[in-house]
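Listed after this line are the structures, all set down as C-alpha cells.
Two complexes follow with chain A in common, the first pairing it with chain B and the second with chain C.
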Partner chain A sequence: MNTSAGAGARPLRVVGTVPTPSAGAPTRLRSALRSIGVRHIVVLLAVLLYPVVATPFFTYQIGAQALALGLIALSLTLLGGYGGMVSLAQMTVAGIAGYMVAIFGSSSVATISLGWPWWLAVVLAIGIATVVATLIGWLSVRTEGIYTIMITLAIGVAFFYLAQQNYALFNGFQGFNKVVAPTVGEIDFREPVPFYGLTLACSLAGYGLVQYLVRAPFGVALQGIRDNPRRMNALGYHVTAHRVAAYALAGLLAAVGGVLMVWYNGRISPGSANTGAMINILIIAVLGGMKRPLGAFIGAIVFVLLQNFAIDLVDRERFNLVIGGVFLAIVLFSPDGLLGLWAKLRSRLQQSRHSNQRRRQ
Partner chain B sequence: MKATQRVWVRTMVGTAAAAAMGTAWAQETLKIGLLATLEGPFAAPGQDSMRGADLALKHHNGMAGGKKIEFVKVSSDATPDKAVNATRKAVEQDKVQIMIGPLSGDEGIAVKNYAKTQPNITFINGSSGAQATTLSDPAPNFYRFNTEGAQWMVGLGEHALAKGYKKTFLIAEDYGFPYSQVQGFMASYCAKGGKVVDKAWVPLGTKDYASVIAKIPKDVDALVVVLGGSDAVNFLTQYEQTGGNKPMVGGSITVDQTVLNYKGKRRESLLGTASAGPMADSIDTPEWKKFVADYKASFKDGFPSPSLFAYLYYINTKAALDGLDAVKGDLSNGQKAYREALQKTNFKGPAGEVKIDSNRNGVGATYITEVAKAADGSYYNKVVKTVPGISQTLGLPEAEFKKMGLGSRDVPDCRK
Partner chain C sequence: MTRKQWLPWLLLGGPIAVFTVWALADNSRLYLVTLLNGLTLASLYFIVASGFTLVFGLMRNVNLAHGSLYLFGAYVGWMVGEHTGSWVLAVLAGFGSAALVGLLLQLLVFRHMPGEDLRQTLVTIGLAIVLADLMLWIWGAEIYTFDPPPWIYGSTELPVVEKFPTYRLVVLLGAIVIGCGLWGFLNRTRVGMMIRAGVDDRGMLAAAGVNVQLVFAVTFAIGAGMAGLAGVVGGTALSVSPGEDTRYLLASLVVVIVGGMGSVVGAAIGALLIGLAEQFGQAYAPTYSVVFTFVIMVLALAFKPRGIMGKPA
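Now for the complex of A and B:
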C-alpha cells in the first residue's frame, strides 16, 4: 500500500522540480524521513530500552535470536514479497556465511579453521555467501512459482548433505564448536546486552535498506516484474538482471543474519541449515506477513516465543501441537500473516466507527 | 459501603495469606531442569529418558534434601543448537539450580560448553556419550555418572577374538558416537592381534547399502556393525537379500529390542550376535529385576522393559538426588558442598556400581551379550560376561590412551 503510493507520487514531484540526477537521492531520503511517524519513534525507543527492562535471558534468547532470525526472514520477504520469488535457500546462504566465519576465523577444530582476525573472516563470509546467493539466483530465476521453491529446496538439501559428508572443509556431522562473537575494545559481544545491540543495529540497517530499496527505482521495477514480467520486459527492463540482483541483495541480508546466528549459537553444524531450519524461515516470513518488511521481525518474535514457551502451556509431549495450531490458525484466518490480521482489524474498526457516525447523523 | 469495605478487607487478608503460603511452599520446592529429545528422530528414546528420570524421583518420593523436587522439562530435537537453547531457557528463565540432560553426544558437548558460562549451576548428563565431553577441555560443573560410548564396547574385542573372528570388516555411521564405539572395540581387538581390514563410514539415515555390501571382502570372519535404529534394520534386510551370511558383532544400539523385533529370515541368523553395553535386558541381579519391575509398574505406556536411555537418565537423576540428600538440600556457596557430595557418589545402581573419576566421568561395568531365543520364541540379549570398573581411558594407562587419541574415522587403525 505505502510503496505503491510512494511510487505513484514521485514522478509527479520529479516533473514539478526537474531535478538534476544527483538530487534524486536526497529527495528520496527526505521523503523517507518524512514518512517517519510517532509510532516509528515509539517502536525504536521500545527496542532500545528493551534490554534495560528485560532479563538477560529475554534479551539474548528471545530478543537477539528473534532479530537474527528476522533478518534472515527479511531476505525472504524481499525476494518473495517484492520479487515474487519464494526461495527456500535463504537459510542455506546464512549457513554458508556461518560456516565461513568458522572456517576463516577460529573454532575448536584447529586443523580446519584458519584463525584469521574476526573482521576479515566476517567480510569474507558475507562476501562469499553473497556470491553464492547470486549464483543460486542466477540458477533459479528462470523458473516460476513452485519450481523456484523446488530448485531452491534442492540446492539447500544438497548443501546440507555436502556439509554433513565433507570432512576436509565442513568437518562433517559435528561441524564447528566455539565459534564465539569477538571482543571489540572493551565490549564483549558474547554478553547478552552488547550482542542484542549488535543484532538490533544489523536488523535496523537491514530493515532500512529494504524500506529504501522498495521505494527506489530498482524496487519499483522489481515489484513491476513481480506483477507482470512480460510487460516489464516489453518496457525495456532486463527482467533476469533485476531478479538476480534481488537475490544478491537478499543474500547479503541473509549472510549478515547467518553471521549473527553462528555467534548466537557459538557453533555451527549441518543441522543448523537442515530442511527444518530452511522451512522455519519460510514459516517466520509467512507468519508475520510478506507484504511489509516489518512482518519478518513480527513473525520471528512470535516464532521464538512459541518455540520457547509452548512447552509450558500444555502437556510436554504435545507442545508441537500448539506451535502447529497457531501457525495453521494464522495462515487460515489471514493469508497475509499477522500484519494482514492487524490491517484487517484496523479497517474493520474504522468501518464500524464510520457507520456509528452515520447512524448518529 | 460497609459491605464493600468488608469484602475488600477480606480480599486483602486472603491474598496476604495466599502469598504467605505461596512463599512458604516456594521455599520447600527445588527446581531441577530436565532436558531430553521430545522431537525429531530420537523422540521415542527421549520420552523413555523422561520415564527414567521420573522413576528416580518416584524412588525418592518426590523429595530430596528435605525439599520437594519439581522437574522443569524442556525439549530439543537432537540438534546441539536446540539443546543449548532449551538448557538456557531452563537455567536463565525458569531458574533451575541443577540441570539434567541432554540425550545425544554432540548435544552433550554443546551443553558442556554452555555450562562453563554458568559456574553457579550444576549440570548433570542425561544419556549423552561423546568422549570429548569430559576428556577434552571438561567443564568443572558438568558431571556424567554414566560411562560413554567407547567404554561400552570394552571387552567386546577380546570376546570377538575368542569366537574366532580374526579378520573383520567394519560398517558404522559417520558421526561422533560410532567413532567412540569403534574405538572402544578396536583398542583391545587390535592390541590382541585382530585385523579390521576396512571401514565403511555411512551417513546417518542411509537407506541404500548396496555399494557397502558389494565392498565386503569374501575372506573376512565377521562384520562389525555399529548402526542404530532404522539404519540397522535397513542394512540387515539388504544384507540378507543379497545372500550375506557372515556372523556379526554389534554396537551398543545395533541389536537392541527395536531391531530384534523386526520380522525377516535374517532374524534367525542374528542368534549369537555379540554386542556390548552399559546394561542388558537380562541382567540376573535383584537390583536390575526390581528396576524393571518398578519401571513396568509405573509406566503402562512404556516399553516392555526400560531402554538404555531410561536406565542412563535414571542413574544420573538418582545421583543428583542422592547428592541433595547428602548435603540436606544445601546449595549455598556456589553449590560447593553439593559438588563435593557428587564427587563422592558411589551407589549400587540397577546395573552395577555408579561412581565417577577426576574428570567427573562415570567408571562402571560393561556387559557383553549375545542374542538368544527365549522360551516364548522372542529374542533377547543374554549376558555372557561382565567387565567391571572400566575407566574412560579404556583400561589403558593415561599416557598410552593419549597417544592413541580420541576415536575418529582413522583412529584406531589396524588393517594389516
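Now for the complex of A and C:
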C-alpha cells in the first residue's frame, strides 16, 4: 500500500489552515499542543467531572451511550468529512465487532460462544472488523460520490439479512445476550462510572487520532483526494490506496465503538445493525456537522438526549418523526450541522461587535 | 468475440447450465415453478427499479425515499380499492398518489438544491424516515391485503408446472407491457426524447431551449408513480405492511447497481438477475439466499463498476 507515500512526499499546499506536511512529526505535535486553548481544558475538565455531578442514569444511559455512538459517528466523519466518501456501513462494521466479541468471548449462547478471555476476544473482534471494513472499502471505492452511499447501504442490509438468517454463527434473529463488560482487577466495567471512564478514554483517543491524522501527510493527501482525485492522481498519489486506508482507519474507530456498544447494551442482535441503526449513525454525524471531528460527539449527545426525552415532547412511538424532522431541518437549513450553525452565529456576532466598535470610534 | 470476452460468459454460464440440467433432471416441476416465481419477482423489481433508475439517470438524484413512495402508493391504492371495490382504480390511485407526492417533492425541495447530489440524498433519507413514521401513524402496523378481480384470481393450468397462480402471470405480462410502454415513451415521444437527451447532457438540453425543470418534474412524477403502481401490484401479490419500503428500496438499489444507473434496459437485466437469484436461492439454499444477491452485486462491481449497462457519468 502506498499510504506512507505521503510522509516522503514533497510539500504540498492544500487550501486551509493545515500546516505544511513537510514539517516533521515532533513539530506537528508541538503545533497541535500549541493549538490547545483554554476552551479545550474547560471541556476536558467538564467531561471528567461529569460523572461526579450526574446521576448514574445520566452517566451511563446518556454519557456513555453518546460517547460510544459518537465514536462510531466519528469514523463516518473521518470518511465522509475528510475523505468525501459517505459510507452507511459503519454501523455494520461496529455490529461485526460486537458479534465477534460475543462469539469469541462469553454470552448466553454457550454453543456458539468460545468463552475466550475478554482481551483476546476484543483484540480479535477489532481486528476482524477492521479487515471487513477494509474489504468493504476496497469494494466501494470502485465507485464514486453518490454511488458509495448506495453500495454501502446494500452491503449493510445484506449483512443484516445474513445475521438474521444464519443460525450457525450469528444465532439468527435472537442474537446474543449477556455480553457483559469485563472486570479488570478491582474495576468492574459494568458499573456506570468505570464504563463512562472507559468510553471517555476511547473517545478521547479516537478524537485525538482523527485530529492528528487530518494534520498528518496522510490526512492532508486524503483531503486533497476528496477535493480533486484526478489532480492528486496526476501528482503521483495512489488515490485508491489512500481511500482504502481511510476505510481501514475508520473501520478501526467503528470497531472500538462497536465493542463499547455491545458492552453497553449487554446484547447484540441483527436489529443492532439494521437499516435504522445504520441511518442513525449518518443522522448523528450530519446533525453535529461533518466538517470537524467534534461534530460527531455533539450530534451523538443531541441524538441520545432526543431519544430519551422525546417521550416528554411527543408520543413515545413518534420518536422517528422527531429525529427525522430534526435531521431534515438540519440538512435543509444548515448543511454543516449544529457546528456550522454555531460558526455562522459566532461570525455574525463578531461582525455586529466590530460594526459597533466602529460606530463608537 | 475474442477469447477474453468469452471467458467470463463461460465461467458464469457453465455452472448455471450444469445446475439447470441437474435441476431439470432431478425435479423439473420445482425448477420451472421457481423459474416462474423468479420471473414474477423480477417483474415487480423491474417496475419499482425502473422509476428509480429513470430519476437518477436524469437528475443524479438517488431517491432513497423511493421505497416510501412504494408503500404510500400501496396504502392509498388499498383505501381506494376498499371504497370503490375496483382493483383497477386502486392501481390507478396508487400511481396517481405517488406521482403527486413525487411531483411535490421535486417542485418544493429538489428544485431548490440543484447539483448538490449528497445533500439531495440526505434529504431523501430524512424524508424516508418521516414518511415511514407518518404512514405507521396513519395506517398502523396492520397487514393489508387486496382483493384482485376474479378474472385474475385463482390459478391457470400450465404444462409440467400444473397449477400456477394467474395473478403472477398477469404481473409478468404487466411488467412486459410496462417495459415496452416505457421504451416506447422514451424512444418514440417528444418528451421521451428530451428525457434521453437530458440523461446524456443536461446542460446542452437546457441550452437548446428546453424547459428542463418541466422535464425534471415530469420524470420525477413518472418515476414516483411507477413506485406507487408497483406498491399496489406488489401488495396484491404479497401484502402491504410497514417495512416493505426498506425491502423494495434495497431491491431497487441492488437492481440498479447491477444493471447500471440510469438505464431502463439495465434495470430490466438487473431485475431479472436479482429476482431469479433470490427465488432460486430460497428454493435450493434457503439459509444463504441473501448471499447470492450479494455475490451478484460484488461480481458486477468487480467487472463492471458502473453496472452492466452503465455509462460513465
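Note that the second predicted complex is superposed on the first by the 331 of 361 C-alpha atoms of A that agree within 3 Å, B and C clash if a C-alpha of one lies under 4 Å from a C-alpha of the other, contacts with A are read in each partner's own complex, and residues count from 1 in each chain.
Keep this in mind: a residue touches a chain if its C-beta (ideal position, glycine included) is under 8 Å from a C-beta of that chain, and two chains touch if they have at least 3 such contacts.
It should be emphasised that the depicted structure is a prediction, and the values quoted were computed from it without experimental measurement.
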Exercise for review: For A:V157, select first, second, both or neither according to whether it touches chain B, chain C, the two together, or no partner.
Suggested key: second
Review point. Can A:K178 be said to touch chain B (first), chain C (second), both, or neither?
Key: first
Exercise for review: Determine, under the contact definition given at the top, whether A:Q165 touches first (chain B), second (chain C), both, or neither.
Suggested key: both
Check your understanding: Is A:T240 in contact with chain B, with chain C, with both, or with neither (first, second, both, neither)?
Key -> neither
**Study point:** Partner chain in contact with A:I311 - chain B first, chain C second, else both or neither
**Key:** first
Practice item. Answer with first, second, both or neither: which of chain B and chain C does A:L139 touch in the superposed model? Key: second
Review point. Does the superposition put A:L282 against chain B (first), chain C (second), both, or neither?
Key: second
**Study point:** chain B versus chain C as contact partner of A:N320, first or second or both or neither
**Key:** both
Review point. Which chain A residues are contacted by chain C in one complex and by chain B in the other?
Key: 161, 165, 167, 317, 320
Review point. Residues of chain A touching chain C in their complex?
Key: 86, 139, 142-147, 149-151, 153-155, 157-158, 161-162, 165-167, 275, 279, 282, 286, 317-318, 320-321, 323-325, 327-328, 331-332, 335
Check your understanding: Tell me, which parts of chain A touch chain B in their complex?
Key -> 55-58, 60-61, 65, 161, 164-165, 167, 172-174, 177-178, 265-267, 269, 271-272, 274, 276, 307-308, 311, 316-317, 319-320
**Study point:** Of all residues in chain C, those that touch chain A in their complex
**Key:** 60, 62, 64, 109, 117-119, 121-123, 125-127, 129-130, 132-134, 136-137, 246, 250, 253-254, 256-257, 261, 286-291, 293-294, 297-298, 301-302, 305-306, 313
Revision key, fill the gap. Per the touch rule, the chain B residues reaching chain A in their complex are 38-39, 47, 50, 73-75, 77, 79-81, 84-85, 88-89, 92-93, 106, 109-110, 113, 174-176, 203-204, 409
